[in-house]
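In structure tokens below, several structures.
Paired with chain B in one complex and with chain C in the other, chain A is shared by the two complexes that follow.
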Partner chain A sequence: MNPIRQLGDTTVGRLPAAARWPLFLALVAMLPFLLSGVWIQMLFFVGLFIVLGLGLNVVVGFAGLLDLGYVAFFAAGAYSLGIMTSPGSPFDLNMNFWLVLPLGVLIAASFGVLLGLPVLPLRGDYLAIVTLGFGEIIRLFLVNREDVTAGSQGLSAIARPGIGSFRIETFTHWFYFILVAAVIVGFIASRLRDSRIGRAWEAIREDEDVAAAMGVNKVKYKLMAFAIGASVGGLGGVLYASFIGFINPAAFSLQVSIDVIAVVIIGGMGSTPGVILGSLVLVGFPRILQFKATADFLSKFEWLRDGLNGIIAAADTVVPGSIGRLPAASEWGRELSDDTRFIIFGALLVAIMVLRPEGLVPSRRRQLEFESDDQPVPAGGAA
Partner chain B sequence: MTAAALSVRDLGMQFEGLSALADVSMEVPAGEIHGLIGPNGAGKTTFFNCLTGFYRPTAGELWLDAQRVDGLPTHVLSALGVSRTFQNIRLFANMTAIENVLVGSHIHIGVGGTDVLTARRPSKYAALERVLSLRGAPRAALQGVVELAGAVGRPPAVRRAEAEAVNTARRLLGAVGLAGKENVLARNLPYGDQRRLEVARALATRPGLLLLDEPTAGMNPQESAAMVGLIRRIRDEFETTVVLIEHQMRVVMGVCERITVLDYGRKIAEGTPAEVQRDTRVIEAYLGTRAVKEAGDGSP
Partner chain C sequence: MPLVDAPHLALSVGFWSDQFVNGLTTGSLYALIALGYTMVYGVLKMINFSHGEVFMLGSFAGYGILTAMGGNDISGVMVAVTILVALIGAMAVSAGTAAVVERIAYRPLRNAPRLAPLISAIGVSIFLQYLVLDQTDARAKFYPDIFPRGDFAAGPFDITYIQTFLIASSLAMMVFLYVIIQRTRMGRAIRAVAENPANASLMGVDVNRTIVMVFVLGAAMAGVAGVLHGLFFQTIRGSMGFLPGIKAFTAAVLGGIGSIPGAVAGGYALGFAETVGRELLNELPGVDLGNQWRDVIAFSLLVTILVFRPTGIFAERATSRA
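Moving on, here comes the complex of A and B:
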């Protein structure tokens, strides 16, 4: 469609590009018929992080503004819904979900602009530090201002959406809801990327002084990037709060920001398939490890545990000292996904950054960027 | 855009006790190709940086046609018709050639409001002005939303503007001799092509005043000659005033109608190439006082 996007050789698959996404979405939409409840619940969280990742991607991937406080916008959305709909909220508003959804997005967007204004002149590391602080400020606000947020007690019985008499309640309903949200956000992000706004962002990322010299109002476009990223974060927050039904400040720690940024970077900055894969790997996989089905499957490896424990016991007799024994094989998945998770996570991050610095599924542009300079791109490309 | 006349009055630029420019005055009539020369460190690039809003001049006035422009932000100056290239090439390295040019035509792709409308001269009452400009914030927000909606919804008007911009960009790339390299990443282009791409990108902003910072630096004589031809064509075809910084005297003398010479941040001479070449102060600045004496001895 767009002639400018035809970079180099783009024949990735045999399917025409226009058919790839609808086909993929159709396949995804069939999943609830094939998978059980826990899987669908897992996919909801994967979808949630796809939404968040796509939003952060606008800020980090497109505009090149490293934002480590993304959880602030997620919290803004979640708490908007919580405060306005929960019966336990300090303000007894009991508003409708559909009314709060746009409000929450708007509130998050204004938080984005609020963060954007003071950090406009900052670049790189400095920007990262300030945004990190912003995320913490929001979390502390949630903990300490009990008169607004109900503090660490949290808010419960948060409203769920319904259309007429139909209520979005089951995991399957939520799966489709998040799927629709992800498609809308993905569509908006891709449209923005291929517009003059996207080009302005890219120019700012490359060299903001020169971008200004070419007529790009960098204040406006940086704020726009922050606002878009924040509104998507807010959307994610609203959906999360409604799905979970209960929120407290502990859910909005720095870890969320790091998870989202890891999804973006592992997947490949600026790339939508990358965000999907990154979310599956980082959000989906640890949850799969916790499934009962996984435990049942792993319990078949009891013999392996016995064997390993035998070796450990032998080592123990040779070199006396207390070495622990392995837990029951059925517990391995849970163990891995709890404490050990971060070690494996870290190792995975390091491995991916060493082996594929451009991410798992890099955007075409990144791919070109990471190619070495002495391999010039075929001139003219597909045009 | 039609060529703009540049008027510089007593321009000064002071960096913490270091005076980079002092009392520089010059008039460049519309449509002229004006040379700016001087030894290293004479303040030529600083002069360009003042003209494009990279620096805010500490003294003096800048006028573009009948409008005072000193102290305006860079993107507003760009919208008013001041465009430039850079001595050390500063392309958007990871964007393709045509995308680089499309960034140049940014404000000409009409979507929502334009940035030119928000142009406002900074005053001494900056704080007050900031408060006042809050009045414009809702308007700016509305413009932003309109622009976002245009980009997402892509109505026919936006599609048309985008297609036009792509056509213009192709034409510009053709004009500077980069036809067929539209989809090559800027950083993968050979050096000479990168310089030409910078010119194309600057032209895409539709400048009334084009500032070229050493356009032939690092080029061989053939490439330089081609660049000289290109500069002449630009002035004629794109109706723009050109000010260029240049070290290659062959280029300066060949293409410039008038020349201003800077030394230690001050203007030491101005005139036609022939006049400047004879000026003793210029020879002194470039070659030292002995050279002037010898030249004086040699001539009748």
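Moving on, here comes the complex of A and C:
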């Protein structure tokens, strides 16, 4: 036992396990009373990526199938809602949000099975590259089949949900809506993990052949993982499209897949707290960097920029003009959150794999697995 | 131009021979890149996801050298010299990148669980791609337009100078690689490690050094492909590694991953499938595949091959299943 884990066990362990989540959720539910505007919008996106992360976690974390095309299911959900509710849709259906929500989830799930069927015999890296291709094909489809998706022009005025005369419109409404969705998905995911199905996934993840030999139906459980992961991706897509109100193919690039995969892996594969922390750090923080308040705050550091640029200018005398200068301090946040974000994600993925492969907040079982080398996992070590 | 009775036939002969030359051109690039995938897979049994980015960096290195040496003002015999320098520089940059990546991101994970090196490789790929996108403000760069224009006819084929150069230098690189692998001491070490790293190590082969050499050789091929891609298509950008990377991987799988002749055969097969194959499909009634569906053809081919024949169509011996 390493000392850090013991420490964790004693401090967090004082709170009865059953009380931790309700307490945490109660605190989260109070956030709209403390924060406003852009902060709540930021938290909506954090919530959205928690939902997506929980879904991908089923595929990657539980079943060990590395899916790099998760954006495909997100797009399937978003476009289901867009096509069926947008007045600009080529089909002009104008359906109700609540009717499309289950449909979108179902359509995404069938995409999951559609992807799952051909890749069933594949493992590890081959699976990763095929799913990558699948995500790309979906995007090509969105751009090129204008008769179905309205092409790069996009779909606007997508339906928003309402209950009776109450419309879900403000950031705060959406915050609670995504919170409820995340809690439902999280609850289902954790129940699945601890069920017979979860154990079957785990067996497949550890060794497919042994699992099959022990009577685990590989085909059934792999497809189930794909379908469940995909339906959650679809749910995320429906919610996103409704929140944003406008979608076009540019929003469904590989970057979404990278975001979600980074959330799951950096947070800790198979771990729900990991997904939450991952979303806060990888999705929430870059958005905070874009706030005007952040820019105002950073503008106080103009002196630091002058100093650093002085050093750069000194270094630049070797080959004059070869090194660029830092932009205005108030721009730093935006600079960092743009493409730079992905540079950091990439480096983080490598660093996490090399230094802490179980992720920031590891699931108990995964941690044992990574620490144990080839020694047997101690009996009763499962969370 | 020979006089032909049926003009539409003459047109279609020209059309098909053009498609053939196009297939040969893209196929050469795919083959060069595929070599890197297949060699790394041969020794480490892993897909080097960052290989597409190594190709991209080679292309940018070539661009940097050509621009620094005068860009569009280069003329006369200097064109040949600068292109040679650009090719060598790109090989060096790509090879250096691959060696560093291997040391930092792959070597520590050689005995880690299956997914770890894969995720690390994806991390490297994202890192390198966005590093370049950030440095170039995500804008395209244009290779200096210095290669002599013009074409010549060889039988029914009409080949431009640049296409000839691209195909010839790709083939030269492949022969070069073949000689290294088959005729040198280092090549023998590489083959030994691919066969069985533990045994090779017992025979006195420095396995770590050999693995670095595999990365370096594969990357050098990709670097050359990067410059040739730049000279031929002229436009390069930070995201350019993704599609050729994934397609070259398809080519490697097509030829049986781990096999060097297979990668070359797979590269050309994919090149033809995308050009000649797509046009043949378009001959079918009711089919109209525009240029943008090329990528879909490649991906569909990849999935089909992986599902029905994961050892590749040209595989000499059965390797372990995907």
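Following the convention adopted for this analysis, the second predicted complex is superposed on the first by the 333 of 383 C-alpha atoms of A that agree within 3 Å, B and C clash if a C-alpha of one lies under 4 Å from a C-alpha of the other, contacts with A are read in each partner's own complex, and residues count from 1 in each chain.
The definition used in the following text is that a residue touches a chain if its C-beta (ideal position, glycine included) is under 8 Å from a C-beta of that chain, and two chains touch if they have at least 3 such contacts.
Bear in mind that the values here come from a model prediction, so they are computed numbers and not experimental data.
**Q** Contact-wise, after the overlay, does A:Val71 reach chain B, chain C, both or neither (first, second, both, neither)?
**A** Touch partners of A:Val71: none, neither chain B nor chain C.
**Q** After superposition on the shared chain, which partner residues are touched by A:Leu101: those of chain B (first), chain C (second), both, or neither?
**A** neither
**Q** Please indicate which partner A:Met353 is in contact with in the superposed arrangement: first for chain B, second for chain C, both, or neither.
**A** second
**Q** After lining up the shared chain so the two structures overlap, which partner does A:Ile343 touch, if you call chain B first and chain C second: first, second, both or neither?
**A** second
**Q** Between chain B (first) and chain C (second), which, if any, makes contact with A:Val210: first, second, both or neither?
**A** first
**Q** On the A-aligned overlay, A:Ile197 touches which partner chain: chain B = first, chain C = second, or both, or neither?
**A** first
**Q** When the two structures are overlaid on chain A, which partner does A:Pro121 contact: first (chain B), second (chain C), both, or neither?
**A** second
**Q** Classify the contacts of A:Gly133 with the two partner chains as first (chain B alone), second (chain C alone), both, or neither.
**A** second
**Q** Would you tell me the residues on chain A in contact with chain B in one complex that are also in contact with chain C in the other?
**A** In chain A, residues 369 are touched by chain B and also by chain C.
**Q** Which residues of chain A touch chain B once you look at their complex with the stated criterion?
**A** For this pair, the touching residues of chain A are 3-4, 6-8, 187-188, 191-192, 195-200, 202-203, 206-207, 209-218, 220, 223-224, 227-228, 365, 368-369, 373, 376-377, 379-383.
**Q** Name, in rising order, each residue of chain A that touches chain C in their complex.
**A** Listed in rising order, the residues are 64, 66, 68, 118-119, 121-126, 128-130, 132-134, 136-137, 140, 143-144, 254, 258, 261, 265, 338-340, 342-343, 345-350, 353-354, 357, 369-370.
**Q** For chain B, which residues are in contact with chain A within the complex?
**A** Chain B reaches chain A through residues 52-54, 73-75, 78-79, 83-84, 86, 90-96, 98-99, 102-104, 106-107, 109, 111, 115, 118, 140, 144, 147-148, 150-152, 154, 158, 162, 165-166, 180-185, 187-188, 201-202, 204-205.
**Q** Applying the document's contact rule, which stretches of chain C touch chain A when the two form their complex?
**A** 46-47, 49, 104-105, 108-109, 112-120, 122-131, 133-134, 138, 242, 246, 249, 253, 290, 292-293, 295-296, 299, 302-303, 306-307, 310, 321-322
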